[in-house]
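Per-chain residue numbering starts at 1, and chain names A, B, C, D and E are given in the order in which the chains are listed.
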């Protein structure tokens, strides 16, 4: 943000602008940029999902839209969805029905603000960055609950109820898993967290100590659940609940859910990169030529891991999902916090 | 040609050629060319048409034997996802295409109509297999079988076969793409068959 | 408690094994047949659209009679030597590709071709007419066919065929089961050399 | 156990209820009076020697037109004609209705066949659903398709067809419906498509509706 | 997690929260629902996730096959038997042809019997592969579906080479089979395929699905059908064997020449939970694939020379008057044909006792008290085919 305002100031015509005006212009620009990134990642990742699924399943996936491996597939999907009829069921609660997809999209969009793309470059360099990200992405639950309720469809209601239970529960291990890192850094600022991991792969938090390693995988599992993807796609469960909370959604509104899903997917992946995998630092120290690119590549690799898991494992049942959360992941993440803290004290890192 | 010709008229051979030998014709070349260039676009209409035909999401709606072939089409060997049509949606609200894959019975016809009505515009229907096209083997004694799904919902492409091979379904999908593109594709029945068939509304 | 940790271990272990299987497949070449560009070579017995060689058919009607779904329409006019076929059509609205019509065709005129992919936009065009009544009528009686120079079933072959209990007069001579006589006819069908897209 | 011996056991138990033993070459069967069938089944199920714990099949049969002497002549059933219109006939069937029970014992490894015959006008047979739970659906199906009412059945609704369906299709004089609940069942002429969809124009005929190749 | 012990009788009458009237949620699952394997419709009454009452509604695919049997002749009806269990059509052909032959008593040549068994077992493998695939899909595992379909395509290609059709073959005729083996290469290909299946592919499925902990958690102890229930509801096939009853028509009521071959009958042993749970039924199918491979290998190794048809194809079949009930082991269970002939070319009555019809009935009993997700597992593990249920 600071970089952006500084850049804007340098431009002809902006020089005489007040600080407030600069801030607003900068913020608008940044929001546009973030939204574009988000839409772009939805488009790239839907294509990638289909290709990864294809190759895992010994087939090709999209091949004919565009020329090279159907690269334009997701573009076509999006354009087509824009052109679809928009149906609001007669029995639906119209206000909620319309608002729910926007809320879901907003939830994931807001969280993007604090993502540190490169040194000093994030939309909002907040002191409570990580906290803010978790807080903002919690809004997705509200949207899903609203969507399920407003649709006036029993399957959607089931999906929403499951989704709410799941996402609220998994917020806890998700946040708990990052606490050891916060303890190490001593700050919630996202830039600070990345800066603390400078100096090659061994300084990344994931390899700092065994508890952090476990915490990373706990975070990974919780993030899958948080984004409602297989094996934890309880709100959608195609073979049980038809399409879950978005059963009644068509066209543009469905596209919002779709967009939000993939935006969320990339969001949790980049958070994992930011918190555990060294952010924009390259694995070998001194090779940090393109920090933002490194950051994105790491994020894409995490997304790939996520997809790989999704296309391998069967889905868990809703009660098993809760069991996993409350009886396995929360104790383990708490253990990680304690263990990591003990290691810090013993190694004198605290002093 | 008179009846007392000594040799069988050449017409039959020609017919046979029409019937069985489908060579690459001019139209097909055009279509392929379009496919190749389809992201260099000229008008908004064409952009949307291209988007529509490139991303036809079928609804997961299997009725009978043909449903298994529909699954096989989406599975490894034939992979309908290559055409962007692999995203089977369980809810009709998000689907563009209904593949009526199998026998439509009286009880099911009402449901089928409901599902069709739930789909948002623009929507298409492929009638897959003899049963869906015209009752198929259940035509004569099938008291509970609807003789052709086009009496219930409008059908865009008819895919013959019992069940049609996955290739034929893919071919049907390509014909549907041609239709969305606003143009006839290849492989349509020969013209003389079409013309002649129009003269006879039904048998006799 | 032990069970608890065993379960976690089993879950992680089996998930990793499964992921090993899937990652193995990423590097393998997909088995997909890219249909319009690649086509499967059909085996000789493959049953595609039915084709009737109208120069051979003498409209005995056995195919229509044996068809389980009554999808073959044959219309004739006249009697005896003056019997002429005016229509031969196969209705793919009903046909189920069962090959029962080809098995008992004594002239061998009706065969299963290797064509299978013709989707249409209009259901009426699925009634495949094999002749145009405005152009020609096909003589059915053997004598008439011989007289008019049409193809007739060779006599020698008829005698070589084992005598059947239910031999019928001229119009419906029985022939040996067609079980293995199949490959002869599809060989000349244009199956493999279909026009490719590119 | 020999099938004949089973029948003798059964006959001893039922007395009047066991009507006859038919020593057919392929499949011998016992004819039971309709009123006694529930008892007979319960006996065969409970008795240690017979122990028929599985009802393999329960078939409802319309015997109309079947010549008991063997050289029967089938009643030509009605269908839709080649145009798809329902065939109509004045004939009213008068033959009996029947039910055949095929039993199997997992323990004893023997089979047995029971048949009952009821006049068409009565068409009521006691249910055996309390003996074998699987009979419940079979009987519903027989009621649905053949129209035999099973007395004492817990839930005798139609199985395959809709509740509002008229007639019982497997009866020999069943006439095919032309329309049911707004759904046409007859074959319409192909040209009579209620939703005619225009064929797409051939390539290049209509400017504007064509692809970029012509543009 | 066993939920079956929950007593739900009279649930709706209880006053759960004082002052708030509670009632059960009625759910309509199907006929267009991804987990109902076609057009089955399940009417559920649920208390949240727990199912209180299941009522299957069938008939959405009622294709009047039994009526057609009274209208077409014996040879023509073979094509309709293909369409009952369209996943294992050859097994259905086998059942029907066996019933006709009981009355007709032709001397079926040994070679024909061997060819029948080879094709029927191949078909059974194909059917079981789909059962695994769709069961995996019900559990949310997509990838096994596509792997199983890949192997199924191989089987279809093999069957296409011998019978001509891709999915529905019309291969059997009363008195034999329609075609002989196409060439020697076909036998070699079949053998190499089953070797590949036995050595590599089944291991893949096991790694990917069968022994996956999540899969086990989802299926073990779920939908338990005990042996008594299974027998009372006349369950057959893998459902019965999954409940631990060692019964297989091929062994215990032999038809064709199955008595000549050496194979095991896999039964559910409750390795992961209770005997008769979904995992057992699933695993019985996996093991049956292996046994089918054994049968195929033996049948092909001892394939006798000679004719393959007792009745020429162009001869009409006239069946002597009488009635015969014949049962054979299809992929789904015991398929029975009750044929009443009046001495003509057309059957007087042909009743089909289809295995899925009887197997599905058990849902009414076992499905109660399960969770909605478990009900999906239960229905998936029964491996029903609607073409056969509705006929």
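To be clear about the criterion, a contact is a pair of C-beta atoms (placed from the backbone, for glycine too) under 8 Å apart; a residue touches a chain by one contact, two chains touch by 3 or more.
Everything numeric in this text was worked out from a predicted model, so none of it was measured.
Between subunit B and subunit C, the least number of touch steps comes to 1.
In this assembly, the chain whose C-alpha centre lies farthest from subunit B is A. Compared with subunit C, the chain whose C-alpha mean position is the greatest distance off is A. Rounded to whole angstrom units, the spacing between the C-alpha centres of subunit A and subunit C is 55. Centre-to-centre spacing of subunit C and subunit D amounts to 34 Å, using the average Cα coordinate of each chain.
Averaging Cα coordinates per chain places subunit A and subunit B 41 Å apart.
The distance from the centre of subunit B to the centre of subunit D, with each centre set as the mean of the Cα atoms, comes to 36 Å.
For subunit D, the set of residues that touch two or more other chains comprises 77, 79, 82, 160-162, 169, 174, 190-191, 193, 197, 199-200. Among all residues of subunit E, those that touch two or more other chains are 33-34, 59, 62, 64, 67, 70-72, 79-80, 143, 146-147, 150, 168, 208-209, 212, 214, 390. In subunit B, the residues that reach two or more other chains under the touch definition are 38, 75-77, 79, 82, 90, 107, 134-135, 137, 139-145, 148, 150, 155-156, 162, 165, 179, 184, 201, 203. Within the complex formed with subunit D, the subunit E residues making contact are 58-59, 62, 64, 66-67, 70-71, 102-103, 231-234, 245, 247, 252-253, 321-325, 327, 334, 336, 338, 340, 342-344, 346, 348-349, 351, 353, 357-358, 361, 365, 390-391. Taken together, the subunit B residues at the contact with subunit C in this complex read 1, 3-9, 11-12, 15-16, 19-25, 28, 32, 76-79, 82, 127, 130, 133-137, 139-140, 148, 150, 155-162, 164-168, 170-172, 174-175, 179, 184, 186-189, 192-194, 196-198, 200-201, 203.
Note for the complex: subunit D touches subunit E at residues 24-27, 29, 53-57, 59-62, 65-67, 70-74, 77, 79, 100, 102, 106, 109, 113, 132-134, 136-137, 141, 145, 158-162, 169-170, 172, 174.
Against subunit E, in their complex, subunit B makes its touches with residues 59-65, 67-69, 71-72, 75-77, 90, 92, 102-103, 105, 107-108, 111, 115, 131, 137-138, 140-145, 162-163, 165. For subunit E in complex with subunit C, the residues that touch the partner chain are 72, 75-77, 79-80, 143, 150, 160-165, 168, 170, 178-180, 182, 204, 207-209, 211-214, 309, 312-315.
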